[in-house]
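Both of the next two complexes hold chain A, though its partner changes from chain B to chain C.
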Partner chain A sequence: MNERFDAIVVGAGPAGTATALTLARGGWKVLQIERGEYPGSKNVQGAILYADSLQKLIPNFREEAPLERHLVEQRVWVLDDRSYIGSTYRSPVSSDAEPDRYTILRAQFDKWFAKKAQEEGVLLICETTVLDLLREGERVVGVRTDREQGEVYADVVILADGVNSVLARKAGIRPELKAGEVALGVKELLFYSQESLEDRFGIQGDEGVAIEMVGKITRGMVGTAFLYTNKESLAVGIGCLLSDFRKEKVPPYVLLARLKEHPALRPLLRDGEMKEYTAHLIPEGGYKAIPKLSGDGWLIVGDAGMFVNSVHREGSNLAMETGRIAAETVIELKQAGEPFTERNLRRYRQRLDQSFVMKDLRKYQHVHEVLDQNRHFLTTYPELVNRAAETLLRVDGVDKRAKEKEVTRSFRKHRSYRGLFSDAVKLWRAFR
Partner chain B sequence: MRGPNIVVCVKQVPDSAQIRVHPVTGTIMRQGVPAVLNPYDLFALEEALQIKDRLGGRIVALCMGPPQAEAALRKALSLGVDDAVLVSDRAFAGSDTLATSFALASAIRQVGQEQPVDLVFTGKQTIDGDTGQVGPGVAKRLGMQLLSYVCRIPILDMDSQSIVVHRWTEKGVQVLKSKLPCLITVLEGTSEGRFASLPEMIRAARQPIRVWNRQAAGIEDLSKIGLKGSPTVVGKVFAPSRRAERAECIEWEQDQAEKAVSLLWEKIRARQPELVEKLSGDNGGENGQERVSE
Partner chain C sequence: MSEVEEKLYQNRYRLDAGRPHIRIRDPEVCQARCTEKSCAACCPAGCYTLGPEGAITLLTDGCLECGTCRIICSEFRNVDWEYPRGGFGILFKFG
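Moving on to the complex of A and B:
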């Protein structure tokens, strides 16, 4: 086929759609290709949407995007086997400010977002898988799809095909995923009536709650769990490093089942009707795992480029941000009449380095290593703090000073003072 | 000889595989349920496309629904349909099968003004309403011969304006011959779907979909559409209770297969005597019954 496009975007997740939309606004002729039946069909996880990156693209998104609830309360829980200790931050959105975090159902959100891009002129085709990049010498000049007469050409190809990015791997752009660089997240969607959710969480209207969890629920594996409130459902999930799952040989669904049975969660989840169970990879390698981001005729955005901040659970916003910046880079080049050579496209990386995306990822680049090498953070400490709370709170005729001593002793028994001190330093370094 | 001018009626429905019934109120919970092209309509589309492959002509996909039902038409376009019309108007809200067939018939008449319509296809039913009434309703209103539950179309002759179809009935297959124009509701499993080429996909993504409101669809009489035109009253919606019966496991030792079979037979006989009677009676008999009618 001889039709040519200015750009081909592979994938219609948040990264691909942000790219396509920005390019179309710049007057480009864009073809976007998605493997799923519709955008979001392969992407069912309930999730938190951070407003900022979307707002830059669609300022009035609050009026029309399919949003579930805006967060007014965020809880962080440290769990041991039967109890939890945690903090709660609650702040109703003041009348003069707009909420900045929402829960969404990706299947609906992605579809809406893609629709906005189509309205800008993006040509989206679904149920079509890109199999290969077409090259002339080193330069990427188009893609080959699984359909008949399936080759199509463009001046630049943007890979937004998600964490697996078979394309990037096949093309030798990205090394094989390492099991220590990706987490496997499993999630369930449980349905309730709106009133019942409002009662359970003390919320009303569109207010929502997010609970992030760490501790013994991951059985010593590096990972976290979450519970988000949607309009009429709860998303509950847990994710751990793939390498840990392999080593510990715990099936992910067993881990999720145990989480749901935890005394802290069971009452919140009771009588739910399960609708879907999904599993998905999350790039967790952070800064160090970021591959080469562009070359002759191609750029890589979103999860495909491993852009996820696992400490703050940010992914879709980094996807949109990298997508927009990639698009702006090529638009500028074209306006300046410069070709999409490897050298010119390096400007994408340079712009990213100036943005919060790279700054944040750089900040947390050691977190995983520290956790990986100090498993007691994930097992011993949660248990100790929970027991300490119990000791201090129980009124049982033991005087308070003796209780404090008991707490100190329990910590000392598991870690020396030096150990405790160096742990504190390590953590501070990793998260500072 | 010109190729046939075909209209295929399609509907966008919630994916029933993902629908849940509210445990308390018994109503259907549509939240988060993706919409798909009614699966039965895919077979109608495929029959129409095969005719076009053989004889040429033109296919118009017609859909009544809200603006987002456009997705169903987009899919039809990608499969090779030439033109797509979305009949969409707030006035249609609340339409039952009677009102829907009125609106569709009227829209088909409008399509016919561009070029006379030879064939109208629909799926055998939708997966959300499951009534199977809209196709026959449209046929009646247009005065077209109705050919329902069709599983094969061996002959379509534009010269003599006639068609021969195989129609599935409980007793067997009927072979029916009819004059054109006619309306055909297509049985599932009649064909394998097709996979459009990339250029076709691009064409479909690009092609504008015509949206007709009430007036454009040629509807004057407001009392015939929407809630007003819908005499159906839904008395009660409820989820049937789960069946108490459970699967039963028949255990048998090796080399005792025959014993196991007769045990199974006994169990079936105990539960469904009519079925056993029928099965033993039918043995070896000629199953199909053929009839030609005009």
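Moving on to the complex of A and C:
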């Protein structure tokens, strides 16, 4: 591989492919390198895809992308050990609007997406692991791969190599991840007949349901669980901060097994055929964990740059958005005849600051601290609201006012008026 | 077969025989100095097992390449962690 490229993109997930595709459309000669057998074979997500960022790149993606179901119903459940209290939002897609969120299977979606980039002229090489960045002085000038004579050169290198970003760490671009900055998620994919699945969730055609869960299922650890409907399968998973897993020493698969046995989930999951078990880290550090995003001859996009909005479970859209913006930044520089110096590439960060990516991450930058320092949000409250519902709904000869008093008493006993008030303020400040 | 082995059995792998991509740098550190041994509890693929004498055994065949072991070994940094060679390791069918 002695050829020279305008750009090398490391990784063929949503961030890398969005970058490569945008660059190729700008007339660039792009090499994209993927370590998996095909794009997607190393990639894991829940997975919900938000249409907006993809639509900007491929307006007619709905006609050809491998989509599973579009979400018509979203539920949020707060669980204690045996019950849950929750909310449901259900709305059919109106005839004049396109659905804006879909469940997908990443191994299939990423393969399709990368193919779209290839159609634009991107050269994709799979089964190749990038080992190091090549530098001349401080400037990144290419990459070294595990192929024979595997050194390749380019004017700019884009790191889209995912949450672990071995490359960025080795190059000293990004420090090692801290256990408090990432969540470990585990997931099973359970298969059913399409009919059985649609009966269980009251859906038809391509309609889908997503259930997000919090509460005692994570045993006081900061985390959430989910259940998503695909065409013929259910994705059920749970994720918690890695620092909490370390402290509690609960094997993740044990936590997942318990989740599946919860009385609220068991009937929905019964008789499924498990065909894959996956695990993945999710960057959860948010705004404060975002590393330096560019330097002489390089930029970072997607999970490698910690671009995940964990509050709204958005990630692949941020990946595509950061990829596109990184590509647009370097295309503009080239058109203006300016070199890819550290100083010039700072425009990438400036452009991100103006986009929803940074605005959203900044908005929620305190959420994790608040949850971390107030574990009762994850244990005491789920229990209290579930018991309150039980007390209020049970018809047992006790008058309603007495029941209301009992509920108030149970909240005061566990949190006191002052505690309740300060909790409300804390939550409001974290999410406002 | 253990609970987690049964799950991993459903997955597709291409093993790079004789070339594990993760190594314990100094097994002595795990056995004698590390008291936490978090890897044995937290690895989602159960690749790390704790022996009767406190020794840790690593078998990377079922590895899901998540990075957990490397990050939680923050006290001793005793995990040498690389991605498998291109094309090897876990190959997700669905992701």
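Odds and ends about this structure:
Assume the second predicted complex is superposed on the first by the 427 of 432 C-alpha atoms of A that agree within 3 Å, B and C clash if a C-alpha of one lies under 4 Å from a C-alpha of the other, contacts with A are read in each partner's own complex, and residues count from 1 in each chain.
Please note the rule applied: a residue touches a chain if its C-beta (ideal position, glycine included) is under 8 Å from a C-beta of that chain, and two chains touch if they have at least 3 such contacts.
Quantities reported herein were computed from a predicted structural model and do not represent experimental measurements.
Legend: residue contacts after superposition of the two complexes on their common chain; A:R147 is shown touching both chain B and chain C. Set side by side, chain B and chain C differ in how many residues of chain A they touch, and the one touching more is C. In the overlay built on the shared chain, the residue A:S41 is in contact with chain B and with chain C.
Applying the stated contact rule after C-alpha superposition, one finds that A:E3 touches chain B and leaves chain C untouched.
Residue contacts after overlaying the shared chain place A:Q335 against neither chain B nor chain C. Of the two partner chains placed by the overlay, neither chain B nor chain C lies in contact with A:S422.
Applying the stated contact rule after C-alpha superposition, one finds that A:Q350 touches neither chain B nor chain C. By the touch criterion stated above, A:T408 is placed in contact with neither chain B nor chain C. Judged by the touch definition given at the top, the superposed model places A:Q204 against neither chain B nor chain C.
Residue contacts after overlaying the shared chain place A:T88 against neither chain B nor chain C. Put simply, chain A uses residues 37, 41, 105, 107-108, 128, 145, 147, 189, 233, 275-276 to touch chain B in one complex and chain C in the other.
On the chain B side of its complex with chain A, the touching residues are 18, 20, 22-24, 29, 31-32, 34, 36, 71, 78, 195-199, 201-202, 204-206. Listed in rising order, the residues of chain C touching chain A in the complex are 3-4, 7-8, 10-11, 14, 36, 38, 41-46, 64-68, 70-72, 74, 81-87, 89-95. Across the interface of their complex, chain C is touched by residues 35-37, 40-45, 47, 105-108, 110, 126-129, 145-147, 163-164, 166, 176-179, 182, 184, 186, 188-189, 233, 242, 245-246, 249-254, 257, 274-281 of chain A. Against chain B, the residues of chain A that register as touching in their complex are 1, 3, 31, 37-38, 41, 105, 107-108, 123-125, 128, 145, 147-152, 189, 191, 193, 231-233, 273, 275-276.
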